[in-house]
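These notes are about the structure you will find just below.
Chains: A, B, C, D and E, in written order; residue numbering restarts at 1 for each.
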């Protein structure tokens, strides 16, 4: 038995077993769930060798599964985040209904993502892609809120993407006679011009939907915020990366090999930039943490898309690094929101305040993730951003860099809003009862947060496999040229040496804290946040002084022209228009038997009239 | 060998005749006999089919009159495949409707099973007969039994649906008769093989006119676009299993007749624009009409029509890949649509007005039925790894091989519409709150119904996970359809010339 | 018997049958009464049957029976197949009409009208 | 803090010198005397040359400047503000009203003698005191800070019960935060 | 030994920055007073204030994040200081000059304000949060022309390091403020916001927000903020001098150059009333943005 098959069989049987055990015992179900996630992951990381493939054929089409260096990078995200978020999910979803179903879909999504990474041919790629889509769709509608709106929107867009991809796949099949991805890449430069344009466009629509590229992003926010947070961590952290995965293959494998590729790159890069800016601005405007993080995910994916579109080795390094880091910190943040939701029952910034002393570990994890998200050194997010900027500057995208910088600076706004909204501010009596989330929820968050820290100082740990993957895509070795274990270089040889920076920061911190605090800290005592200088007034217990409504109103007022246009209404009116047309079309079935008889006669006459046309 | 192909038609006809008589002795026989008959037919057709696959086409002559004079039955890889499929679906329908809510009473059950037997017999007859007039007769048998089954419920609008069906059916039967007259007047024969052999001797004007009348005559059963006005009504108003019989058996026979006529009778090789155009229009109109449906069964009906349109498109490509895809689609549709109708009719039972909006939260109350419905929906919209995906994929690859990019695009766009309306229902079933005001207390499906659905569901999963399990059969069938000379040879070689 | 007459008769038969078909179609397409529509269908059937008989017709042909002494009669025989067909078709038409009439009774009970315009509960 | 026995003399001197030259004033300007603060701080009299500077919040302030009369309503705010200030802190009673009620001596709802409720370090007499007088007051405060005699806060701490009792008489519903710095 | 030199050099740099920054603060107060036709405090007034603040008790806190806030600010200032070359040609301790580049620096400079904002948030004072939101909004405003200026320099000279840009000026002999004037103008306009003098003192606007983010911080917290703020302004001034004014060969020249460039926001501020937040943002997205684009075009074309 091939280990590759075994992994998938384990996933599948584990999913079914979890579902069925859920009817018997809750504990058994949880154990089965965790086991199903952990065992294949362990098998994958210990038993699977790169380059090992299994071949088989379906309907006469040759298919092949096997892991490559490149997909191995994404396997880290999928399995790492999958296992951690799975552990989190067990605690976070405790007591919810229908958990067997949840876990079933969860495992299925993980399996599908692994399947995508394993697929060396387009058909299994598509099959797993669709499994991923519908399993995630079932998660989006799991909570039962707004399913007709949000769920259907997600699925429609996914379907548009998937079918665009399917079209590209069948065209590829008809052109090359093979479904292998490698064959497509190999034969692509010899295609005729139209196909050279059509196939990447279709594939990019498919991947763009999953990676929430700007005109195709409208599903993302609702879906991210509606699915259970335990799953959204995977949804935003890992699942959206599948779009990135595919996009990289398209951009590096196909687009870069044709002369028109330059325009593709520019267009995609600008779409990524618009995604980043739009996502950021809308994230700033949100009052709900889930939506904010969802928009933020869209924005972050925008950066990654920019990197892919630019396509220089440094940009690719940046994108992949950001993809991994985004999985980590956004996963943590969604988990934190989930923890807060579980403990308080709401995720609205205007309602929850001052949790820092109640949920310190959640805060710590969120803080580190936010610092990583904002791209502030010494945490991991910085590495990706640095590389991205350097690559954008180095590849002469002058205006692009400004746009990116704008959105990344504006990102500080929502970063702060997240931390302030939940954890800081007045400690209200309403939330006095709130406790820290269970350890099973906190530990995965903290692990991921620490991970961002480690990768921020030793990016080489991630860049190493990324480098291997990039070489597979045809890039030259980047180690030593763009990075070492904890040193980064840009195109012009400028460096950022990370370790001394970290040490300096730590040293100053320690010194400062010792300096300020040792002498006086014990004399300092905690006073409640009601004891503030409020013009001599003494706030009552029930008075909520926290500033949380209209948080960034001045800023939003000044960027209002940028945000005046939303794309959703256009889609909505398009959808309504289509529905109206369809509604009109079905009136052809008048319900009158005589009309139907008339149709028969008219049809006969039409055929008789056009018979020459029809038979030539 | 357990029997000969003629039994496939004779036995159900006999059973239809015997059912009321036997019912006098023991009322339960009315329900048992059809099961035995259909079970036997399934085994018979399956074993015949295995023989056919191993040894070659069986051509059976009736009453010793050899082709081209007598009526002959052709049990080839294609017709055998369809006949087996039909008997199997018929058996599943029997299993499901063994104690179907409405026919628990004796009288109702009697009528139901008589007409079901006739329907199955007629459909099998359409498929395996080798004579166009005989085909006409079988079409009429199917028609009459279908009108009767449509009007099965006395309380609803079923008579209206049946009447519309009847008007269109009679008109089209007339057209079919005209076509037969035209061919007979020109070629002097009714045997398909001989017509096929001589079709090029026919003046083109006559040929094309005959073909048009043929299309109209068969189009009503095959649910092509302007001729399918009856279909939504009939599907909606007929009992659930009858709907699935229409979708799984009757329509397949209609499509077969259409395709046999195009491919063999008129020997059109290469792409058939007319099939593609009609199929596309059917697909688009039906799927778009389905989007805003209020009633579940009506939605399923439109979906069924749309699928048939897609089948026609696939056939219209005229290539082996296209025919393969079309047959695959037919197979999947024959499995999936009954599942949807089976589970859907239990969902419909539990709503007062049969509306989709009244099915909120039934997933909690009837987990298995809802799960089967969801599975069926997933499969029919072509989500992998379920059966529907592979057929859709084969259609698309076939189209891509012919360079029909526009058709691929339209098919995929229409698929999105399909997804929307199916998922609306699934969402409502699973993720909405149960509402006592609109839904009545749920009738749980009986065990036999669950088994029937489970069998179909397992088939969906088997084909979904291992599509190669059927690809060999389909390959043989599609080769058979495309190979007109062999057909002619097989049929005509059995007959020596009669000497007087 | 000269050939022209045969043709005239043949054309007459054809014309009559086509006329019948058209009359039937007219009834089906324009008359609002269910009964009339069914009558129209029956007229179409009749026209077609006539057409069918017409193509098998041979002037002065004999009955299509092989009997001793008439071994070579096949050239003189009226084609027997259309007649057989017509018989079948008539039976079928009868069956359909019977079903239709039964349905009409049901419809009338249900709707209290025979106008096809008003029987439109099922639409779209 | 100022009279901390353990601390060394020289440190005290330096600290007191710094305190003397850096007086951050929180003006509690509800009384009519508040109008005298702007001229004091701006070009004409320029208190900043003495290191006097406005503070925005009690946390940052050194000196609480009670400008004029206090009513029963405003007293609790003043107490709150005073208690929120960090050591070392001083109070300047500004105008006659803080000394004896001034022109409101017979009003039913003004506080006649501020010293009963808060430890006043320096009084500035007058109704209103001119900016010159204010500057002189600051000068006096600087003087006593330098000498280490401005120990109002210590007094408040030592006689907390007495002060609290007095405050309670005026404001029965006084929300006393536990004051221990 | 090497490590010890490094540490001593770092401490010396910090002391230098502290002294210069504080003195500048005092001088600015003096100048402001003179413009107001006042006598004003002595130039060392800031030292007195700082010492006094340091001597005050810090009796209360609102949670550990409030304590960490000033720490973040201090760390950010000091670490940023480590990366900015003080004098040309390594005339001062190099510290970490070659370990990071401008983009790194841009992000490092955010580290402090963000930590500070968190500390301010923990106090629960609504004014603090309002101040922070204003500050962040304004930062989005001035960051754009500032980054544009920097990007213009980077693409013009194909380097992203400060030392690289300084070398460019050394070699060519002209200051970048002359060789890429638009970038300089954009940067200077951005600097108005960066130093938060009037009209951009919307963060701590005393009359509206009671000093904004710092309103709950007294004593040692305030001391830390004040001193790190001074260090930070020294860092920024040095950065401007390094980037646009050819650096400095010795401390005197450094002081002259930094002081002269410091006067731009100070003098502009003295005579300006305060903007509202969106006015401030729109200011930066007006002419500064235009000059930034010009700078980039200039750099891209030449």
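One rule holds for everything that comes next: a contact is a pair of C-beta atoms (placed from the backbone, for glycine too) under 8 Å apart; a residue touches a chain by one contact, two chains touch by 3 or more.
Just so it is clear, the model here is predicted, and its values are computed rather than measured.
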Open item on the list: Keeping to the contact definition above, tell me which chains border both chain A and chain D.
Closed with: E
Task: Partner chains shared by chain B and chain D (touch criterion as defined above) - done: A
Open item on the list: Report the chain whose CA-based centre is farthest from the CA-based centre of chain E.
Closed with: C
Open item on the list: Looking only at C-beta pairs that count as contacts, which pair of chains has more of them, A-E or A-C?
Closed with: A-E
- [ ] Could you tell me which chain lies farthest from chain D when each chain's centre is the average position of its Cα atoms?
- [x] C
Task: Chain nearest the global centroid, as defined over all protein CA atoms shown - done: A
Open item on the list: So the centre of each chain is just the mean of its C-alpha atoms; given that, what is the distance between chain C and chain E in Å?
Closed with: 101
TODO: Take the average of all CA coordinates in chain B, do the same for chain C, and state the distance between these two points in whole angstrom.
DONE: 29
TODO: Give, as an integer number of Å, the spacing between the C-alpha centres of chain D and chain C.
DONE: 118
Task: Averaged-CA centre spacing for the pair chain E and chain D, given as whole angstrom - done: 36
- [ ] Give the residues of chain B that touch two or more other chains, as numbers and ranges in rising order.
- [x] 160, 163-164, 167, 171, 232-233, 289, 293
TODO: Mark out which residues of chain E touch at least two other chains, giving numbers and ranges.
DONE: 57-60, 210, 215-216
Open item on the list: Touching at least two other chains at once: which residues of chain D meet that condition?
Closed with: 57, 59
Open item on the list: Judged by the touch rule stated earlier, which pairs of chains are there in contact?
Closed with: A-B, A-C, A-D, A-E, B-C, D-E
Task: Residue ranges of chain E touching chain A (in the complex, touch as defined) - done: 10, 57-63, 65, 67, 70-71, 74-75, 78-79, 82, 96, 98-101, 103-104, 107-108, 110-111, 114, 117-118, 121-126, 129-130, 132-134, 136-137, 139-141, 143-144, 147-148, 151, 154-155, 158-161, 164, 210, 215-216, 220, 224, 276-278, 281-282, 285, 292, 296, 299-300
Task: Residue ranges of chain A touching chain C (in the complex, touch as defined) - done: 586-587, 589-594, 597-598, 601
TODO: Sort out for me which residues of chain C touch chain A in the complex.
DONE: 25, 28-29, 32, 37, 116-117, 119-124
- [ ] Would you mind writing out the residues of chain A in touch with chain D in their complex?
- [x] 525, 527, 531, 533, 535-538
TODO: Mind listing the chain B positions that touch chain C in their complex?
DONE: 133, 136-137, 140, 143-144, 147-148, 151, 154, 157, 159-164, 166-167, 169-171, 173-174, 177-178, 180-181, 184-185, 188, 190, 232-233, 236-237, 289, 293, 500
